[in-house]
Amino acid sequence: MYNKFFFKKRNKVFVQDIYKALKIKKKITENYIINDIKDLSLAEEQDISFLHSSKYKDLACNSKCKTIITLEKFSKLLPKEKNLVIVDNVLLNLAKVVSFFYPDSLNDNFDDKCSKPNKKKYKYVKFGKNVLVGKNVKIGKKSFIGHNTIIESNVVIGNNCNIGSNVILKKTVIGDNVTILDGAVIGKKGYGFYPHEKKNIRYPHIGVVVIGDNVEIGCNNTIDRGSISNTTIGNNTFLDNQVHIAHNIRIGKNCIITAQVGFAGSSVIGDRVSIGGQAGISGHLKIGNNVQIGGGSGVIKNIPDNTKVMGYPAKDIRSFLKENR
Amino acid sequence: MYNKFFFKKRNKVFVQDIYKALKIKKKITENYIINDIKDLSLAEEQDISFLHSSKYKDLACNSKCKTIITLEKFSKLLPKEKNLVIVDNVLLNLAKVVSFFYPDSLNDNFDDKCSKPNKKKYKYVKFGKNVLVGKNVKIGKKSFIGHNTIIESNVVIGNNCNIGSNVILKKTVIGDNVTILDGAVIGKKGYGFYPHEKKNIRYPHIGVVVIGDNVEIGCNNTIDRGSISNTTIGNNTFLDNQVHIAHNIRIGKNCIITAQVGFAGSSVIGDRVSIGGQAGISGHLKIGNNVQIGGGSGVIKNIPDNTKVMGYPAKDIRSFLKENR
Amino acid sequence: MYNKFFFKKRNKVFVQDIYKALKIKKKITENYIINDIKDLSLAEEQDISFLHSSKYKDLACNSKCKTIITLEKFSKLLPKEKNLVIVDNVLLNLAKVVSFFYPDSLNDNFDDKCSKPNKKKYKYVKFGKNVLVGKNVKIGKKSFIGHNTIIESNVVIGNNCNIGSNVILKKTVIGDNVTILDGAVIGKKGYGFYPHEKKNIRYPHIGVVVIGDNVEIGCNNTIDRGSISNTTIGNNTFLDNQVHIAHNIRIGKNCIITAQVGFAGSSVIGDRVSIGGQAGISGHLKIGNNVQIGGGSGVIKNIPDNTKVMGYPAKDIRSFLKENR
């Protein structure tokens, strides 16, 4: 987890503090420290996590996490040793807990720590004109940073990277030999909020964007950082222009993602997946390894390994071609 | 109507001047002043308007407007008290009348009045580096303007707004508590022109973009200003990344518009409408309140209130799902 | 061919040098000079070209080109007087030959020759703030270049052009009376590479982007330059916002390309073609003259002249509308 580099975390949080933050009145038999808020797959015993859909019941049962925010109706599904924080709206209360742990996490203003790069600090980096660099930015050797590019505080860029012009990087960790083309915007908060009639309530986004080695990211791409976990792009995956990647998406290695493809939040894409232009992948799906998705497809179901699909909604490519002869 | 802030208007225009500008020879029995050019729904008696499709016949009959540019064949459909300016191509002649009223309206060059913001004038605004601000720009208190952002002359931004980096704003009026994310381009002329073999003829665009309170606009969005009327986005509507909004679109309150959605010109979208990623909405449609449009849909018909649709072309979502089981 | 302005070419290349570069051991009976590498339709006798698919067999047979890189299995299809360079992977070896002729062609870093424009050199041009211009850039009279725009070395811009703000132009030749709107990125390398498990191998892109007279290009468009031949946009063609054009696309005259349309590589589009919003055109297709493609369509086959299509996959529009009544 890289988020400790990017977000200030409150320390010494006790479970009682959580109840207070959520305005829940409850007699506490046992008060103990909560280290952090994480999703069910990453949470350790001392963390707090959440269950908002029965779809993730097994994950919750098998999670090491002791303290789980959930609905009354899910309490029967979970082992008795879990300490359940019962609320009437999981995601809304999750947002409150995240804001409690990370008080600055809702602030997504531009980084006012950015200024001209110190050439002594970055003596093995080649900068274009008008580049802006924040505090504690790390950039590896032989990397190029194009004109007008903005690299916000705490971003990490590896060796031999080639960042284009007019790029914006925030809350992002980038490997070696990565190319990021002109106009890409990486690491802004995801499109996650709780709709409210008067004024929508924004979820805090404490995940970051993690980009592997040898990745290429196309022009004018938008890659949002994760809400609780990270948005990740595996080694040697290439993205074409105008691709949109929402929060929490995890893309594997050696994928080929063609222009104007869009991913809704929280899907997991395997290795060696190729996706044709303008295809769309719905949220919370699992796309297997070696999957091929035809251009323009709309994927609304999980896809097993080694499958070729096409269509809207996407189906086996042979059926699609037969029906459309 | 905000366009008087952004476009210089010719004064003391008489109906005879209009005939001259259109090179129409006609004996005029009554010469009178025309105040402005507006669409049928907004025009007052002393304005001039236009009818180019029988679809808008009722609007024309009920309009207060006395002077209407139209085709010979529509003259029978309209009340006798209207003064009809008969032409052989309504939109082409409309363009001429707009250019006559607003001589600068075809100029869409960059704003050469932009320069570094005067910190005394904007003492309650926090600016990033390399920001450019035009003449007569108004920015409310506690607003943030990110690095490299360009705010052209006469733009109005409310209080507590958070404008990202690399944003371009022109001919736009923005409410309070609005977030505009990095790389958005708002207020350029719409994609409206009269095709011509040698050189297409551009329609002037004298509408502006009006953005309500509590709105969020995603990265790399493009929102075009209106041609005659405005492009508007209602209070508390949130747009995800890479959304495209063409000229004259009117979006209601509390809408949720997901990534890569596109709107062709002049459609009207109700309140509390949610639209899934990559859906497209054709031009000149009416989408009711509380409508839900599935991701990837192609909407080519009006949609009544409280309806869920999906598909290409979009149909009732139950039919779509049944057919695609 | 404009690429000699943009890419340094190696001179005095003999066919033997090609074999060496490809590590092919072969007794050479006749050594001769190879001038350049071109595609089959453009190559002259003294050039080298390539045949990687039997689809282009006729083109190869009729090409003036003497020296052709191809597979063993295609050798029977070609006339005996051709000198065939037999390889086991045409595109991979083509990449090597291109890199041999054009040693800098894989470098797509930002142009470090860019600096503030010399106002004496460009005395008939109006520049915005923070514009960056490379070496040997030509800009015609009465052209406007918006704020923060980057024009890399050797780019040519005609008279009366109107380039917006935040635009990036590289390896591009632009005619007269051209409008390029804010945020467009034109001329970067295309999305062409040879997938490799450890690290994909990038194809060099030595083609450029050639834009005709009276063209308009929308906001945030991405137009990639060609790999071997050019990407071209014909006179008086208008592109709306967020359009993506891949490498080697050739678009004719008087076309109307609406917002968010995407083209995969190497298709040829006729004159007077109109394409509705969000449509996608697959790679290597031929779209005739006067074709109309409905919004949201997915075109995966050639389309003859004077045809209206719609759907995914695109079919005759009457069939589409009948089936979807």
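A, B and C are the chain letters, set down in written order, and residue numbers restart from 1 in every chain.
Note that contacts are C-beta pairs under 8 Å (C-beta built on N, C-alpha and C of every residue); 3 or more make two chains touch, one makes a residue touch a chain.
Keep in mind it's a predicted model, so treat the numbers as computed, not measured.
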Copies subunit B and subunit C - rotation angle from C-alpha fit, nearest 5 degrees: 120
Copy pair subunit A, subunit B: interface residue numbering same or different (half cut): different
Inter-centroid spacing, subunit B versus subunit A (mean Cα positions, whole Å): 34
Per-residue overlap in subunit B, given as positions that touch at least 2 other chains: 130, 148, 166, 183, 220, 242, 260, 278, 312
Complex contacts: residues of subunit C adjacent to subunit A: 108-110, 112, 114-115, 130, 132, 148, 150, 166, 168, 183, 185, 188, 191, 193, 195-200, 220, 222, 224, 242, 244, 246, 260, 262, 264, 278, 280, 282, 298, 300, 312-313
Sites on subunit B touched by subunit A in the complex: 126, 128-130, 144-148, 162, 164-166, 177, 179, 181-183, 214, 216, 218-220, 236, 238, 240-242, 254, 256, 258-260, 276-278, 295-296, 311-312, 324
